[in-house]
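To keep things clear, I will list the structure first and then write my remarks on it.
Per-chain residue numbering starts at 1, and chain names A, B and C are given in the order in which the chains are listed.
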Amino acid sequence: MEREFVCIICPNSCQLKVEYEGKTIKKIAGAQCSKGEAFVKNEITNPLRVFTGSVLIENGNFSLVSVKTPSPIPKKYLKKIGEITRRIKVNAPVKIGQIVASNLLDNNIDLIATRKIEKKKSLSF
Amino acid sequence: MPEKEVIIIGGGAAGLAAAVACQQKGIEDILIIERGNYLGGILNQCIHDGFGLEKFRTSLTGPEYAQRYIDQVMDKKIPFLLNSMVLNLTPQKEVMVVSRNGLQRYQAKVVILAMGCRERTRGAIGIPGTRPSGIFTAGVAQELINLKDYMVGEKIVILGSGDIGLIMARRLTLEGAEVITVAEKLPYSSGLPRNINQCLYDFDIPLLLSHTVVDIEGNGRLSGVTIAQLGKRGGIIPGSKRKIICDTLLLSVGLIPENELSREAGIVLDPITGGPQADERGQTSVSGIFACGNVLQVHDIVDNVSLEAEYIVEGVVEYLKGKLTKEREIKVELGNGLRYVVPQKLVSIKDTIFSFRVNRPGRKKTLIFEEDQRIIKKKYFLRVNPAEMLRVKLSSSELEEIKTLKVRLV
Amino acid sequence: MKPKNNHFDMVIIGGGVVGCAIARELSKYKVNVAVLEKEDDVGWGISCRNSGVVHAGFNYKPGTLRAQLCVEGNRSFAKLCQEIDVPCKKIGKVVVAQKKEEIEGLKKLKSQGEKNKVEGLQIINSTELKRLEPNVKGIAALYSPETAITSPYLLTIALAENALANGVSFFLNTEVKSIAKLKNSDFRINTNQGKFTSSYVINSAGLYSDKVAHMVEKNEYRIYPCRGEYHVLDKNVSWLINHLVYPVPQAGAGGLGVHLTPTIDGNILIGPSDEYIKRKDNLSITSSVMKMLSAEAREFSPLISPGYIIRSYSGLRAKQVPSSEGGYWDFIIEKSDKINNFINLIGIESPGLTAAQPIAKRVVEIINKKERLDYNSSFNPFRKGILRFEEQDEESKNTLIKQEPEYGEIVCRCEKITKKEILEAINNPLGARSLISIKYRTRAMMGRCQGGYCQTRIMEILRESFKLSPKEINLKGNNSYLLTGYRSKKENKSCQKKKSLSLEEELLV
C-alpha cells in the first residue's frame, strides 16, 4: 500500500511518500531527518494524537473550560474521550494545567484545563 | 481630552503582544481597548493545539497562548478597557470609545491597529439558492460550540479547506456530528498540511478539491446543498452536480482584515492584503498609526503575529523619540509568483522582515530580491504553499544602497 | 373593548403593508379589528422584500387606481412617516436613456406623469445628468424630484404597532384554512390557531389573495408569483449614486427593470429582476440572474463591481396578469358582488407600498358607505420607533448611556447598534421573536459582516430574555432553528449500541 503522510513533528511538515504492507514499512521518501521514519512507524502501528475539547464549568465567569490531554493518546480513543467531555462538569476556579478528569477509559488518560477560569462574580457593575 | 502615549485597538494576539513589547521597551502610558468581555480575542475559541511552536518551543492551545501574554499584561499592570468599542479614529489620532460608562475621547501619540479580521460571508461569494438557517461561517460555529456549549447541527458540509474549516471538521466530529465532506473550489487545499492530516484523513472525511457549492435548499432550516466540480477555468463541469442531504453548511472561504476604522481615518489600504499599506516600520500612510496582526495581513500562525507585533513596536519606539524620519521612498515591486509582500514600501534603512504569500503551491522555488538586474538576496524553499506565510529578513546593509526593489519567485 | 370568543367586527387576512395600513385606518373608528398573519411577523410575504421606493406616479396609466393612489400616497407619505416615526427621504429619481430610441420613451413617461398630476418632471440632457450623477452613463434622462425612498419593513412594522396601540389585535403564526358564512351573515374563519368570527372580512393576503377569495366564492382571480432578485452593495460605495437610477421601462415586462436604489440606510440595491415562477414560496436567488444583475448595473455605472456585493436576496410580486400577456393590470379593491361584507384586494404590486395608506382609506370608504362607522376619539396617530443610537449627536449619546448603560454596549459592530436597541426590538409589542424580526427593527446583521460578530450575541440576548432552550431560537419563524441543542447534552451514539460490545469493539466503531 502506498500513501502520503505529512509529518507533524516539526514545522518543516515533510511530505513523506510511504510504501508499506500491514505494519511493515518497505520504503520512505521525503524525510529531512530521522524523526520522520519514527513518525511514520507510529502512524501505521499506533497513531497518537493530542485530544482537545471542552468541559462544562459550574459557577465560573465562563460556561466552558477548554481541555486537552497532556500528551498524545491513541487516535482510536478520540471520539470516546469527546463523549466523556460532554458528561463531566468542573467547579470554578480552574487553573491552566489543572487536572479536570483522570485515568479515563482506565487507560491513564487525563484531561487538563487549558484556560484560566475564575469564579463568577456575584455582583454586577 | 485625556492623552495617551500609545493606544492599542484590539486586545487579541496582536494587541497583547504589542502591549507587552511596548512595556518592555519602557513605554508606560499604554491603553489596550478591547470590545469583548475578555482579553485574548479569537485565541479563546481556538481550543486546538499547535500554537507557540516557534515562540515558546512547545505546542499550546489558543487559550494557553493568550494567557502567556495576559499574565504579562496583568503582571506589569498594563492598562486595558474591556467591553469598550472604538467608534471612530481620526487621522490626528483621536480615538472615540463607547462603553457602558459613556463616550470617551482620547488623544493618542501613537495608535497601534490590532483589530484582527472578519470572515467572508455567503452573501459576498454569492452562493445561489434559498437563505435558510443552518448556514454559518466556521468561526461563528467555533464560537458557538467552544464558548457557548451549543451544537450547530448534525449533518455537516464544509465549504472551503482553509484551516478554520478543517479544524471545525474535526471539532464537530469529536462532538458527535457527521461531517459529510469538505469541498474546496481550488485544485489544492488552502489549509496547513498537518491540518488536512489530523482533521480529515484521521476521520475519513473526504476532501473534494475543485468542487464548490452551487445551490442551497431548505425553507426553514437547511435541507441540502448541491455541489459541482469546477473545470480549469472555474466553470462548472456538466453532469458533475450532486445533491447532498445535510442540515448545516459551514463556510470557511476566507478572512478579511477588519479595517473600517482605518478607512475612516483615511489610511490607504492595499487591495490585495485588505490591510493598510505599511512601511518597514509597520507605519501606515498616516503618521503615528501602526498596524500589526491580522488587521495588517491575514496570518496562519499566531507566533508570527506576536513576532510582527514586537517588530513594529521598534518603529513605535523610534516614533515616540521623534527619530522616525523618512529617508527615502522605495515602492516594493511585486514580481511573478507572489500574491503580495508586506511591507509595501521602504522609507528608511534598517533590518527588514518581509512577509509574503505565493500564488500557488510549488516545489523547489527561489525567492529573489533584486534591484534592476542585480540580485540582492536569494532564498530557496523546498516547498511553498499559499496557505503558509513566509518571512525573510534582509539586513540594513543589503538594503542600504538600493534605489528600487523587486521581489519575485522562480 | 375586548372581543368575546375571538369575535371581531372586522378581520383582515394578511399583515403586509396594506393589511397593516388598513388596520391603522380602521382603528380610527370604533370597531374591533383583528389582523391574521400566517408568518412569524408582519410583512414577510411581499412587503419587506422590495426596493422601498415611494413612487412619484409617472409609471402608471392615467385614470387607473395605481396612478391615482400612487400620487395620493406620494403626497401624504412624508406626513405619515412623521406620524409613525419611519425614515423617508425625497432623493429623486432619474430614468436614464442609453440609446436615442429611448428618448421617446422618456417623453411618454413625462406626459403620462403630468396627466397623473405628478410635479416637477423634467427631461434633462447628458450634461445635466452628469452633474446629478457623475458615475452614471446616459444620453438623457427623465428627472423626477418627487420620488422618495423609505424602509419598507420599518413602515410595515410601524403601521402595525400604531394599529396595535389603537386597539387592533394581531394574531401571528395564524394561517386561514377555510371561511364559512354563518346563518347570521357573519363569517367563521378557521385557522391553524382556532376559529374566529367576524362581520367583515378584508382579504389583503397578497400572494395568496386569490386563494382566500376562493374560500368564499368562485371567481376569476388568479395570482401569479413573479420573483425579483437583488444585490445589496457595501455602504462604502454609497457615493456611486445620489438618486434612484432607473432604465427606460420595457413594454410588456413584469417589472420596471433592473435599477439602482440608494436605500434609506446607505446601501445601494441592484435589482430587481422579473421572472414568473411556479411556487409562491420560492425565494431562491439564482446564478444566472445574479450575473445578469451585475451586468445590468455596469451598463449604468461601469464602476460597479461584484466585489461590492455584501448580500443577495429575492422578493415576490403578486401579479394578476399572466406571463404570456406581460405588463400590469390595475389594483382590485372591491367588495364581493355575491358575498356580503367581503372585501378583496387583489394584485397589489408596485406601487402598493407608496399607495398603502390611500388603499386603506378606500377600503374604509367602502365599509363606511354601508356602516357609517363612529370615530374613535382616543385614536392616537403617533408612534415612536426604536431610537437609533448611532444617529444621535455626541451629547445625546452620553445622556442616553447615563440613563441606560445598555446604550453603551455595541452589539452590531458594522452598523453600530447597541444592546438597548436589540432589547427594544426583542420586546416588540407584536411579540415577534425571530432573529430576522430583530434584524428588520434594528438593522443588526445587515452590515458587511452579515452577523459574523453580532449574531451570536443577539441569540444569547434573545435566549436570556425569554429563557429559551437553544433549539427555540429561530432565524425566521417555522422550523428555522439555528441550534440543535446544547453540545454537552448531545446523546452519545454509542449509548444506542448493545451493551454486550466490549470497550475495544466500541472504540473501533
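In the analysis below, contacts are C-beta pairs under 8 Å (C-beta built on N, C-alpha and C of every residue); 3 or more make two chains touch, one makes a residue touch a chain.
The model shown is predicted, which means the values in this text are computed figures rather than measured ones.
Taking the mean Cα position of each chain as its centre, A sits at the greatest distance from subunit C.
Comparing chain pairs A-B and A-C by the number of C-beta pairs in contact, the larger count belongs to A-B.
Each chain gets one centre point, the mean of its Cα atoms, and the points for subunit B and subunit C are 38 Å apart. The distance from the centre of subunit A to the centre of subunit B, with each centre set as the mean of the Cα atoms, comes to 25 Å.
Subunit A and subunit C have Cα centroids lying 51 Å from one another. Contact of a single residue of subunit A with at least two other chains is seen at positions 54, 56, 79, 83, 86. The residues of subunit B that reach two or more other chains are 145, 148-149, 175-176, listed in rising order. Shared interface positions of subunit C, i.e. residues touching 2 or more other chains, are given as 487-488, 490, 492. Of all the residues in subunit C, the ones that touch subunit B in their complex are 232, 236, 281, 283-287, 290, 306, 309-313, 394, 397-398, 401-402, 405-406, 408-410, 413-414, 416, 448-453, 455-456, 460, 470, 474-488, 490-493. If you check the complex, the residues on subunit C that touch subunit A are 487-490, 492, 494, 503, 506-508. Across the interface of their complex, subunit C is touched by residues 35, 83, 85, 87, 98-103, 118-119, 121-124, 126, 128-134, 137, 139-140, 143-145, 148-154, 175-176, 214, 219-221, 247, 260, 263 of subunit B. Residues of subunit B touching subunit A in their complex: 38, 44, 47-49, 53-54, 59-64, 67, 70, 145-149, 173-176, 192-194, 196-198, 202, 383. In the complex of the two chains, the subunit A residues touching subunit B come out as 5-6, 8, 10-11, 13, 15, 47, 49-54, 56, 62-64, 66-68, 75, 78-79, 81-83, 86, 96, 114-116.
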